[in-house]
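I am attaching a structure below and will ask some questions about it afterwards.
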Amino acid sequence: MTVIKALEEPKLKNPVLIVGLPGIGNIGRVAVGYLIKELKAKKFAQLYSEHFFPFVVLHKSYQVRLLKNYFYYWSDPKKQRDIIFVTGDCQSQSPQGHYEVAEKVLDFVEKYGVKSVFTIGGLATGEVEKKPKAYGSVTHKELVEKYKNAGIEFEVGKRVGYIVGAAGLLLGLARERGMKGVCILGETSGFPIVTDPKAAEIVLRSLTKMLKLDVDMGRLAERVNEMEKFIKKIESLQRKAVMEIAKDEATPVVKKEEMRYIG
Amino acid sequence: MTVIKALEEPKLKNPVLIVGLPGIGNIGRVAVGYLIKELKAKKFAQLYSEHFFPFVVLHKSYQVRLLKNYFYYWSDPKKQRDIIFVTGDCQSQSPQGHYEVAEKVLDFVEKYGVKSVFTIGGLATGEVEKKPKAYGSVTHKELVEKYKNAGIEFEVGKRVGYIVGAAGLLLGLARERGMKGVCILGETSGFPIVTDPKAAEIVLRSLTKMLKLDVDMGRLAERVNEMEKFIKKIESLQRKAVMEIAKDEATPVVKKEEMRYIG
Amino acid sequence: MTVIKALEEPKLKNPVLIVGLPGIGNIGRVAVGYLIKELKAKKFAQLYSEHFFPFVVLHKSYQVRLLKNYFYYWSDPKKQRDIIFVTGDCQSQSPQGHYEVAEKVLDFVEKYGVKSVFTIGGLATGEVEKKPKAYGSVTHKELVEKYKNAGIEFEVGKRVGYIVGAAGLLLGLARERGMKGVCILGETSGFPIVTDPKAAEIVLRSLTKMLKLDVDMGRLAERVNEMEKFIKKIESLQRKAVMEIAKDEATPVVKKEEMRYIG
Amino acid sequence: MTVIKALEEPKLKNPVLIVGLPGIGNIGRVAVGYLIKELKAKKFAQLYSEHFFPFVVLHKSYQVRLLKNYFYYWSDPKKQRDIIFVTGDCQSQSPQGHYEVAEKVLDFVEKYGVKSVFTIGGLATGEVEKKPKAYGSVTHKELVEKYKNAGIEFEVGKRVGYIVGAAGLLLGLARERGMKGVCILGETSGFPIVTDPKAAEIVLRSLTKMLKLDVDMGRLAERVNEMEKFIKKIESLQRKAVMEIAKDEATPVVKKEEMRYIG
């Protein structure tokens, strides 16, 4: 069960999809969150799934909320192309769920005519990067040529061999539908898991160049501070949830005598 | 596969849903169990699910019973509003199951016209609470105002960030359907896992105030004793079931020579 | 996906279901296997499931076979009641699978008019039982009275609190359909896991008394020897399969430098 | 969700299915990969599944690709029988997935009239085999006689008792559909997990004899080198993916004070 509920049905012109979810360095989450704020994109749909963790978060300290992914749209005043953004609280907690949620997202945006997909993630290097780079991978070779001046190193495969989770799967599954796309990965230490605004900025600079978006980076640090708190909370909750489950299973207090069982 | 079977189809007037299942301190289970007894609520449906543990419990020491959740109704003689109670043996044992079972419960009660949901759980503090408080979280801000005199501290988010399992998910999913609701959490030590009648009482005092129910607390200690035995049994069985599964997987007795395998 | 394939569609008169699958002491498997042999029951359907382990066993050392459960029937020459037997290679390897397989079995036999279900299992005591007893649990209280002279101790709940897996769930789910039934458990050490023909005999004596079956126990030891080999093989294979899966996951050989990853 | 997409709909005459996927010693993957190259078989369909790992691999270091299994066909110029080959990046990562993917593969090839299935795998002996042998198991006894001169030892059951994963399940499930088939297993050390071209050659010699295929083995070493790189990459990625998941779950960094939770 993965459910998408539309809040509005906007008319969009030639929209592209940009996805940034929590992950390594929270680069995708932060970059897309910033674009949404700066462009004043509008929320128009939301998704929840049985493949997310089975808990609700407390919003403003008294209000329960399901874990969700959100869809926003931005109508380009210059009429070049509109944008659908996807961001949210979390990714799937099961392998099958990753596929199911990604397919649902693509089913939904395909109805709006999306033909291009941009996903954002982090490339964990294990070291503090003084000058992080943006790496990229594509669905089609021609995109390497098309975006060669966007400041992206497309030989990412020389550093890593795969892209785990939504950033990768969305692109792989989009390709199956004849969509084209790019995954942009910001270099980040990745350990310990901290939000990395510097890497997010590098990625944003490339992305805005690719899409010819006019976005001021001046408020990034400030916005990251705002987002950070909520992202950290859910991240920490997920870790605790995993721990509780583990604890439940690991420390049964059963008297020896009770150990008799039937089967 | 989650199945709800109706035993009766009562006519209910403006019913609210109150849910208390086994969990931290068994506060929800005990509080709702007490209300059912005191109000002489009537069982009218039952639910079982493949997401519950795969065993049957022995009732009265000779009769097998599936693990179940039960629906009871109470027709308010003062015609203010009727009540549907949900309580039972257990919660789901898989993350996806939590979502599936909660949706089934809401589907079922929605048909009876339920628009308000009250769920009860425990807030584990890790310390013995001499004067436990009732904390609350809501689906809609206005409920904080509405119930401000019920003795509930609504700033629960200052102490914790999430509500795991049925108590939280039912509320989160109810909100998606336009229902309103409150989750009341009784402060309890939470470790070791013991039924906490004092916390259950605190929660009951708030709940009965909110719903203007006239319920005598005088028999709570006695009722808790009655319920305790059965709750403890299933709790212990679940721990043992988990252990057996773990043991099965952890101690294979295979001769080295047999280790050749095919693939 | 759980599939039942009928090999024949026998006409059965008032059939009862008797189920014995591998489990503690393999008591159910051995007892039902013996009845099938002695009564010359005929195989008429087979079941396989994605919830069984994902491997095939080698039969007669060269022939592949899916893991299966099998349905046999016996037409009572005295026209008292016919019998459907279910036995097989294994039980489900997932919790949900236990429910799914049990429901499929009941769906199938219900079409033949089955109204009574007998399941057989083992009660592991952790000690070598010199004089093992047969314990029983029922779906309906009246069965305790009905079978009081069958040599079964119905106060099993005093020794254990639950019945895990097919023997218990089949009975619990049968009760939901209005079927009646008994689970007979033979007392056995349960550790280390060995086939226990003595406990199987005790159970058989009660079962044949309940159903007024005329079965000679004289060949039990011999038959157990025949069955033992195959049962042990699959048991050992399942342990090894679990180990391999565990090993695969536990011993990744990854160079540190390769640890960089993307997300 | 397991999806097969056809790229072409070839007319095939009396086709047999030959399956070789990654596994022990990668014998199946390498043997089938070699036949595809040598016979210039043509790719005509591809399969992906939510039961594969949730990541994409980077092809040619810049292009994302879903994990897939591929279907190739070869039209026999001598008109004896055509061949459908199945090979690919991986097998399922969940037990249920093994069944689902195998059924989908058989559904698909059945439409082309496939009645015979040959699967290839490795038999891990734990020792370096100087003169590895090809072992075989069959769906029907008569095949042992039919292929007695193909250099296969059909008493594989004397060495092992089961075949895990696709090589075994495809044969077991094919038998349920009335198809016939053989699983050929090349003896290999199996530890540490390395591609074993010698065992692949032994298997290929038997397979080509059985199918009267005229294939030169001279380029095997060379081809193995080509394939090895890609196979190793995905293998290593899967290990890392498993590690990351494990690490995520194993090392939560939660402050003690945060341990309070609700339920």
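We call the chains A, B, C and D, going by the order they appear; numbering starts again at 1 in every chain.
The rule is simple: a residue touches a chain if its C-beta (ideal position, glycine included) is under 8 Å from a C-beta of that chain, and two chains touch if they have at least 3 such contacts.
Since the model is a prediction, treat every value here as computed from it, not as a measurement.
Chain A maps onto chain D through a rotation of 90°, based on Cα atoms and reported in steps of 5. Of all residue numbers that take part in the contact between chain B and chain C, under half occur on both sides, making this a different-residue interface. Chain B has its Cα centroid 33 Å from the Cα centroid of chain A. Taking the mean of the C-alpha atoms as each chain's centre, chain A and chain C sit 47 Å apart. Shown for chain B are the residues in touch with two or more other chains, namely 156, 160, 162-165, 168, 236, 240, 244, 259, 261.
By the touch rule above, chain B contacts chain C in their complex via residues 1, 3, 5, 48-51, 53-66, 93-94, 233, 236-237, 240-241, 244, 248-249, 252-254, 258-259, 261. Chain D makes touch with chain C in their complex at residues 92, 95-96, 98-100, 103, 136-141, 144, 154-158, 160-165, 168-169, 171-173, 175-176, 183, 192, 236, 239-240, 242-244, 246.
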